[in-house]
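Each of the next two complexes has chain A plus one more chain, namely chain B in the first and chain C in the second.
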Partner chain A sequence: MQKGEMYVGWSTKEDVRKRGGSGGLVTSMLAAALEKKLVDAVVVLKKINEFEAVPIITSDVNEVLNSAGSLHSVPSHFAKLIANRDLKIALPAKGCDVRGIIEQGKRNAINLDNTFIVGLNCGGSMHPAVTREMLEVMYKIKPEDVHGEEIEKGKLIFETKDGKEHAITIDELEEKGYGRRESCRYCTIKVPNNSDIACGNWGVTGDLVGKATFVEINSEKGVKLLQNAIDAGYVQVQKPDEKAVAIRVRIKGVMEDLGKKWKNKIFVPIDNRLEYFRKELEHCIDCGACKTVCPTCSCGDVSKCTEYHSRSDAYRMSMYHLVRFLHLADACIGCGQCSDVCPVDIPLTRLYRRFANPVQEQLKYEPGMDMRKPPYFEVKLNE
Partner chain B sequence: MTEESAASADAKTNGWEPKMVVFCCNWCSYGGADSAGMGRFQQPASARIIRVMCSGRIDPLHVFNAFLEGADAVLVTGCHIGDCHYVNGNDKTKIKYRYLENVVHELGIEKERLQLNWISASEGERFANFIRDVTAQIKKLGPSPLKPEGVA
Partner chain C sequence: MTDNVYSTICPGCNFGCGLYIRENGALEVDFRKSSPANSGKLCRFGMNLPKLFAPTKSMVDGKETTIEEAAKEAAKRIAASKGSVVFLSLGNTTSEELLAFQKIAESALYTGAVAALPEDTYQTLNIGIPYSEIEAAKHIVLFIDPYEQYPLIVRRLLSARNKGAKISAVWWKDLPLADENIRPGDVSKLALTKDSLIIADYNPLSDTEQVKNVLALAKNAGTRITFLKPFANSTGGYLMAKGIKQKSISQLVEDINKGTIKILFCLESDPSVLIPSETLSKLTYLIIQTGQTLSTKANIVIAHEPLYKKKGTLINNEGRAQALGGTGTSGLDALGIIAGAKFDFDSLHESVKKAIGITVVDEFMMPKYERLEYGALQASAKPMDAKTALVSVYNPFMWSGLADDNDFVELNLNTVKALKLLKGGSIRIKSNGSTIEKKFKVAPVQDNILLTSNKFGIEKGIITPVEVSR
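Right after this comes the complex of A and B.
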């Protein structure tokens, strides 16, 4: 087994295989890593209900096995959770989680050698509050009655407790303003090749559909993770056929093109930009939540954006936001956390991306994709 | 005509002088400003010079602050590339300026309001010309949209 190889695999535990999304491979791999002492802890989402879950750091194998199953409407971000803890840890991560973790690694807050990142293919996640509203308005069902959810062939399917399935296409939902979070729509990192091992159901064919996971190994740590799980008897793998690999590449291409289309649709040039930004930011209450959740920010409590900002200045633009616009111009990974937590619903991710898009394009720098130093800190630009 | 553009049109006709913050490095451009005076090169009284030891010291925060406090333009000046007293200070300026330029432009502030120029200690005439040119450009544009209320 080595870097660059691809497999199709599933969990050997019947229970996990049934409950987990796509054969429960990721759950079993994490459990095996913990049991065989490859890592000291694992991050999992502890489910409260379909719309709520808390990320926890656990060393209990049963807790890991119990976490099997996917939640599309809990957009949590793990990078800040494991920062500054110095743990030997394994965790599942969406594309944006991986980028956040690598950015924290560059800022010396996470030791990447001790972090095993299991990347998950991600087509997008949904905001829990929006999902609840969508269930009532679009699906005409009570959020409390929902038993499970699934995304299949471009349709978002909710299963209610009485066993009925309700399906509406995602395109239709997004036209009405529901569906995926905005940042997920224009995200173009659908297969996290920056992680140690990329897992997902794209490329699983034939009888295995829904019962297996397609795995691509991206690093030596990924080899260790999968080999360990196989040796421990937690997972089984087989080689995929050429057709499966081709299907995976095709789905990836389609999703990325869709993301690019959304990007062009959302970021249209605006004429009176200063007025636009002032209008969007006028409700800001200086709570600082956007900075607290930001997975690439690692200044801590004493930071330039907060220390030089005072409401009594009565400036035309908030100094806090100006400094953050600048600092995130090369660091923003577009994860959407800031928009999610904003108590006054400022579309912050969209604002940050307006500054980040031209800078990152000009400098050909994609934060969180590799270990390249942020160009802002280079002594001389190599052009 | 909106209130703001009426005010700027008014300013243009009433002999309004822009106020510009000019960051000069101790070793080159500040010397350049000095020799502009010694050589008696005429320049408008719009510049407010802030001396820093090296242009690499200028944090984007200083530039934001100048704009927010009411500067109509901010000029960043330093030694020519390769002449820095601190070896590579102005290379760092160049990198920071690249970001700053993008952010300020994206924010909707005209390009002319933020400029970078390399001026050596002997280039007094160049310094005076630079100030004169930028003042003329800013006079055409009118007061900065970021100027707080009550600041002239």
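Right after this comes the complex of A and C.
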């Protein structure tokens, strides 16, 4: 087994296969990493209900085996959760999680050598409050009656406790303001090949659909993770056929193109930029949640954006926001967490991306995709 | 190793904001995005909760002890002073604890009710309108500063405005989200219809005549009215104590000053926020039972688990019942020691559910409350006669005694010019013989008004006449 190889695999444990998505491979791989002491701890989602799960760090194999798997309505982010913890850890990670973890690694808040990142294919996540409203308004079903959900062929399907399936196309939902979070719509990292091992159902074909996970090994740590799970008897794999690989490449391409279309749709040029930013930020209450949650910020209490800011300032736009715009120009990964937690619903991610899109395109730099240092760290003085 | 993560409710006010508290060596706040009141979003106070939940130790006369010993000593001193003991809770704890507390307090309970308001207004004052109804309103009238006092209402107001609502603010300063800004002295300019919805604030320091005035405005125009409240379980406090005679904070201050009250027992309530220090110093004993950082020095501190570790029910402004995610009942056990009886959580919990007419605590289900009519009110709010005044805008930091980044006053450019204040300089504020010097921030505030969300120690209630100079 080596870096660059692809497999299709599943858990050998029947209960994990039944409960987990796509054959339970990720859950079993994480449990095996813990049991065989490849890592000290694992991050899992502890399910509260269909729309709520809380991320926890655990060393308990049973917690891992009983974890929630992935839920589309739980848009959590794990980079800050594992930062400054000094643990040898394995975790499942969407593309934006992986990017946040790598950025924390560059800032010495996460030791990437001790972090085993299991990337998850991600077409996008939904805010739970929006999902609940969407169920009532669009699907005409009570959120409490929902038993499960899945995305298939462009449709978001909810299964209710009576066994019925309710499907609406994602396009229709998003036209009405529901569906995926805005940042997920224009995200183009659908298969996280920046992780140690990328897993997901895209490319699983034939009888294995719904029962197996497609795996791409991206690093030596990825090799260790999968080999460890196989050796521990937790996971079985087989080589995918050419057709399966082609399907995976095609789906990835379609999803990335869709992301680019959304990006062009959302980021139309604006006139009177200063007034635009000032108006969007005028309701800010100085809570600091956007900084706290930002997966590329590792400053802690002493940071540029807060040191230059005072609530007694009467500037039309606070120094806090101005400094963050500059900071995030080459650091923003577009994960959407800041917009999620803003108490006055400022579309912060959109504002940060207004700065980040042109800067990152011109510098040909995508934060969180590799270990390249942020370009503004590498200022060259004229000789 | 597995993280301890508690699903809980922010005690900053009665909005009912859900969050997680994560124990990771230090405490961390995590966002509970499925919470119906706030979608996981938190204000500046919510983000600072780890500071509020800094551990407190049980103490008797300055010496550290166990919670049991502290509660026993409190019980002994209370028994020896029967008739001169008062029990105070502002509603910062579970409904179950409040029910137990009443059994101890009997007729000497103070929950911060405003004096001299007719009983038929209590339901309107205490049980608010669902936030979804606010979002659907056509005309919203604010008698609060939502950004400062109840920040999580801002997104509901913006949502209403995006749907076409007009927002009028009757406030000391122009609010960015308001379409119409009216100064409190010009309230007669306010045009109300049956489609209007008034949002006001009701707290233990509220001016009775101002509350009556806003109730009368709503009554006369047939307008809906909702009050926001400052404590985690203000609504639960009212519902649990319904029908029980209570007194106001102003009466409590009077009784302590007269010397008829010797012992004050506070349950999860910091008395220094409401009662002047010179009054508190007249008590023989101050006893505080709490799970959070104290800014007041007490003779006895009965320190139990913080709110996030408690088991029990809170009821928010809307009347929504919310379960705390902890398992702790040591607060209830301590109250049992005071009462000389053991309180059973399960039976108290059943009583709580019965009191609000539900069979299960489900935060997504709104209990049904009667919207009781109240009679006509004669309000006699006096116009402000001071030339210049310092107006205290109470926010969660002030109610809990937690420090905030707010050591300044807000004033307008006319005041700056009239006093020839210097940019980056300060303003001298004089009241009742005391003078303080503070930084200032220029904002669209009413002429001759200074706004603060801080306690400077010169205040005499919400509005303090002051003299100002450079």
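By our rule, the second predicted complex is superposed on the first by the 377 of 383 C-alpha atoms of A that agree within 3 Å, B and C clash if a C-alpha of one lies under 4 Å from a C-alpha of the other, contacts with A are read in each partner's own complex, and residues count from 1 in each chain.
Here, contacts are C-beta pairs under 8 Å (C-beta built on N, C-alpha and C of every residue); 3 or more make two chains touch, one makes a residue touch a chain.
Treat the numbers as computed from the prediction; the structure is a model and nothing was measured.
Partners chain B and chain C, brought together by superposition on chain A, fit side by side with no clash. By the touch criterion defined above, A:Lys364 reaches neither chain B nor chain C. Touch criterion met: A:Asp345 reaches chain C, while chain B stays clear of it.
Of the two partner chains placed around the shared chain by superposition, neither chain B nor chain C is touched by A:Lys373. Of the two partner chains placed by superposition, only chain B is touched by A:Asp330; chain C is not. In the superposition on chain A, A:Pro75 makes contact with chain C only, while chain B stays out of contact range.
In the superposed pair of complexes, A:Leu274 makes contact with chain B only, with no contact to chain C. When the shared chain is aligned, chain B and chain C each come close enough to touch A:Ala314. If you count the residues of chain A touched by chain B and by chain C, you find the higher number for C.
In the superposed model, A:Pro128 makes contact with chain C only, not with chain B. Nowhere in the superposition do the C-alpha atoms of chain B and chain C come closer than 8 Å. Chain A residues 313-314 lie at the interface with chain B in one structure and with chain C in the other.
Listed in rising order, the residues of chain A touching chain C in the complex are 40-41, 46, 48-49, 51-52, 54, 56-60, 63, 73-75, 85, 127-129, 132, 143-144, 282-283, 285-289, 292-293, 310-314, 340-345. Chain A makes touch with chain B in their complex at residues 272-277, 304, 308, 313-317, 319, 322-323, 325-326, 329-330, 354-355, 358-359, 362-363, 375-376, 378-381. Listed in rising order, the residues of chain C touching chain A in the complex are 1-3, 5, 7, 20, 24, 29-34, 36, 38-44, 46-47, 147, 151-152, 154-155, 158-159, 176-177, 364, 405-408, 439-443. Contacts from chain B toward chain A in the complex involve residues 60-61, 64-65, 68-69, 88, 91-92, 94-96, 98-100, 102-103, 106-109, 145-148.
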